[in-house]
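Heads up, the next two complexes both have chain A, just with different partners, chain B and then chain C.
Let's turn to the complex of A and B:
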């Protein structure tokens, strides 16, 4: 006989106690800010707070859509996201395939341990390391100087700055990215390789016809995840850009997240319009995620939710 | 039967070794810069082979009262932050791993939704301000009390525990709290250790919330202290830190001091890295939200 809802709830009373702090967290730090999103349609009034501020319809959006800086940031967000897909995304796959060919277990471990370490450092630390290495008096320039080349100022040159973003991301996260692919490779049935080598397949053939096909579903899922994350601050690389950029490269490096930050804390009276930029970004992000998830399901993958 | 190494093997090794060198070299350079005689760094000579060993950068840095405070703040945030992380995540995940709990699917939907849509910077800022957390250590702890990703990893882990274990304890009259703390947590040690480490690293790396909410520089964690130093935020330059050096150079902090700070900030991560390494796979579990 089915127990009543109340009886089942009483039975789980300690479970509700356990989940309570978690729910408080999500309500306070996720749902209260969602409620604050109404500021995008209001003229923020410090004295009256979010609730008491006056509704002004879409005026904030009209205002930001007229700003050149907004469109620069929007364009940069899209271009940098595409660049990450093209330049950053394939690297861990290639590295995993290469590592898989290393037959000495200890050496393979060594490579993996070295490549993965930078992932655990903050972008604050990594920016310090990069400035020391690539700055105008850094090792790279000292070397170029000795070899008789012109010095390069990678950190302040708008032309090379996006390249620096892609390169430094690869440097930091390439090892971390390989872990998931190596796990997928480890799950491949070894008898497949044995059968293939009896049939005369060389190592390249094995990589091409056994390893790669088994990685494909992981690649598709991660690709979709990354597309869905394009606009989120994690996916767009706020931490990285914020710690590396400077006024000299804003035109090429300023993304919506960094733009909102600067507007909020350096332009006065901009809470309403900055929230509007944030909302604009969140809506595009949601649309991308939903589209990406649908694409995953159409490809016969499980999707994310 | 081991096949002999051929040309392709050597190519692969050369490539991988080159990548390893490129990963290590910048660290090596930070290291030798921090231990160099400041004068030899200032001269901008090619500095790949250390010509001096000198602790003066560290001495100058540690003489100031700021670094000690910043390290202490980071320690406080890491210890309390990780404790809060683990308590809230473990308890919540255990409850959410029970499909029989009424309301569970609504809670899960509400949690997953936050991964898809968020309020953004200003509503977030106003929320923290409204909670009176400005200049409160809690601002670096509570807003990051749960990572949805680790929560889901934990829920999935608890699902793998055979129900018979809990059922037999229930028959003996144990309640859910007793089962969680006395039976489930002890057998989940590897997963809990892994997630604790990942959380601790994230808390140690905290700078963003501190930058937003800690206007009092005495409460800055090490990462934010380092960030301000790297950006040569001169108002940070208190007269008790390398002041003589700075006025002498008249150009912000010397490289040696900056790099000594990088090293000091990095040391705790280096110390836990051997343990982190064992748990890599826990941090990359995929397809987590599937029911």
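Let's turn to the complex of A and C:
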């Protein structure tokens, strides 16, 4: 006889207890704040609070859609997120495959530590280092100067700024990103490799026909997550951009998150329009996530749900 | 069984940790008053906590126990000052956040007069009004009855106390200046620049001609203390850039950035940048980075305030890196910008106050009375003397008109500064008023605070500028005027746009035209229309 839900919950009560704190976390910090979304359709009134503010329909959206800055930020968000997908996403996979081929365990660990370490520096610190390193009297330009080349100003040049974003982000996070792939690789049954080597497969063949196919489902899931994250601060990199950008590169680097931040806090504009930008962003995000999941399923992979 | 028990324990631990985190995050409940205390009964019988935010508050309370002046003031008014720290680089963000979460301090400094925020905070009851009867606080009443501040009442009520900077429009003249390396000018054989080309060539030479003689390409022409000091450079071409004011063109008032004269300005600023006259890193520098750079001896000129206090800041940075040469021997003050086409040299001018004191709506009448007593004291002649001399009887004695300084000295036998003796003066010294006209008075205390030679340099510079230079023609009443569309113009940041044009490779004029076209969507035309109607209706045109 099928047990009732309650009976099953009692049976696994410790599991449920373990999940409980996380559930509380999600409800408190992810679901409860959702009530603030109504501000996108309201004119915020300090005295009345979020609930008491007056409804104004779609006026906030009308206002932001008229602004060039909004569309610049929108375009940049999409371009930067795509760039991250193309340039940053594959790097940890390649690094994981390469690390897997390193013969001595000590050397492998050494590389892993060296590549992972920068992840633990915050962007505030990394941007400070970059500004010093790339400034007009920084190490890079002193070197160029000695070698007789023209100085470059990567930080204020709109043409090079996105490249700098991708490059610094790869430097900082590629080691961290490999961890999940290395774990997946460690889970592959060693007898597969043994059988392959008896059949005469070399290291490259093994990588091509055993490691990569076993990694594929992990890659797809992370890819879907990344696409679903495209518009969010994690996906487009608020921390990084906010600490590195400057007025000279707004046209190429200002993303929706940085734009919302400036509108809300520096310009001191209405909370309503800022929330509208945020809501607009989330809706696109959701659509992208659903689309990516469908596409993955069509291609024969498992997908997220 | 074993594993189940273990699971049970770990769950318990997880829950305890969560509970701890949640309690840790919960704000301590309770009212802000410290309850009964002090002498009890009578005037100011109840001890009150007063929370304060001010631009320099981070420097004010390093050690409350050793600050005699703080202790004196707290016991005089039976209060305890609670600091809520902000700084020049984050005060707007913090106030914005605190206003939404109902956590604004009792007293705070902000510069929002006649802006959208000012009116919505009044309308929505975020800030409170001062009492109608200010007669118990004569010094406060005096500030609010000045010509310029009278008009700032809303529905007959005052909602702020303006922080007076200077007593007139002229003393602002040194607030925009270049401080240049005299030794570099002499070495390169450069005389005081007059025209645009003179400025361009001098600054270029600082950057390119190896003025420090170390054989390396490591010097900067012109740097800036803050972003606000950038645009004034081109004030010779368009005077209104000096003070970002509205300008009357063809009978209509427009914001300076809407003027056609900006086209010449952007061309010149682009040239100054591409030819290397301007610090290549200016766009990524933070406020005060320029002062540090100047101190390191890599910079030919810096655009900032050449007031005694401004020079003292540069001096401090310079002394840190240069033990052998004195700042006063290498510093030279020149106008921030070149001579205008009409033959005039223009100087900076502004309304007589910058920033205001606001009071949270949660301040009750009793606390408001206490705060106003404190403000009245901070605006009194007695406090102004203390601000310069310290504590009477300890740091100075007074006999009739004569003041004798008896202040502590440092190891080099020089009098210690008031700020180092009583750090709380970083707050109280300018909480109620900046009172910067005091800096320009010739006195022994100023010589101690800013150095004799530097004080004189700034004082004489001011005298000369007031006599020989022309103030930017500014309609002060219009600057303080509120209209709904005008207040929305705060979304426009012309300095950022100017920066973009300077650093871009596209045609500067075409770029600027498209930027100004973008201002239309932010309500530029509407603002111009409203302002000019208001000017006609209220007769604001002088």
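We adopt the following convention: the second predicted complex is superposed on the first by the 255 of 305 C-alpha atoms of A that agree within 3 Å, B and C clash if a C-alpha of one lies under 4 Å from a C-alpha of the other, contacts with A are read in each partner's own complex, and residues count from 1 in each chain.
Keep this in mind: a residue touches a chain if its C-beta (ideal position, glycine included) is under 8 Å from a C-beta of that chain, and two chains touch if they have at least 3 such contacts.
It should be emphasised that the depicted structure is a prediction, and the values quoted were computed from it without experimental measurement.
When the two structures are aligned on the shared chain, A:240 is found in touch with neither chain B nor chain C. Of the two partner chains placed by the overlay, neither chain B nor chain C lies in contact with A:211. Looking at the shared chain after the overlay, A:23 reaches chain B, while chain C stays out of its contact range. Counting residues of chain A touched by each partner, chain B versus chain C, the larger count belongs to B. By the touch criterion stated above, A:76 is placed in contact with neither chain B nor chain C. Of the two partner chains placed around the shared chain by superposition, chain B is the only one that A:281 touches, whereas chain C remains out of contact. Of the two partner chains, chain B is the only one that A:37 touches; chain C does not reach it. Of the two partner chains placed by the overlay, neither chain B nor chain C lies in contact with A:60. Of the two partner chains placed by the overlay, chain B and chain C both lie in contact with A:131. Once the two complexes are overlaid on the shared chain, A:47 sits against chain C while remaining clear of chain B.
Residues 14, 17-18, 21, 25, 131, 137, 145, 264, 271 of chain A touch chain B in one complex and chain C in the other. Taken together, the chain B residues at the contact with chain A in this complex read 2, 5, 8-9, 12-13, 15-16, 19-20, 22-27, 29-30, 33, 44-48, 87-89, 91-92, 94-96, 98, 100-103, 107, 110-112, 114, 116-127, 130-131, 142-143, 145-146, 151, 175-177, 180, 201, 205, 207-208, 223-224, 226-227, 230, 255, 258-259, 261-262, 265-266, 269, 273, 276-277, 280-281, 283-284, 286-287, 289-290. By the touch rule above, chain A contacts chain C in their complex via residues 14, 17-18, 20-21, 24-25, 44-48, 66-69, 131, 135-137, 145, 151, 153, 155-158, 246-248, 250-251, 263-269, 271. Chain C contributes residues 4, 7-8, 10-11, 14-15, 17-18, 92-93, 96-97, 99-100, 112, 115-117, 120-121, 124-126, 217-218, 279-281, 283-284, 298, 490-491, 493, 495-497, 499-500, 503-504, 518, 521-522 to its touches with chain A in the complex. Only residues 5, 8-9, 12, 14-19, 21-23, 25-26, 28-37, 39, 50, 95, 98-99, 101-103, 107, 110-111, 113-118, 120-122, 124-125, 127-133, 137-139, 142-143, 145-146, 171, 174-176, 179-180, 183, 203-204, 218, 221-222, 232, 239, 243, 257, 260-261, 264, 271, 274-275, 278-279, 281-282, 285-286, 289-290, 302, 304-305 of chain A touch chain B when the two sit together in their complex.
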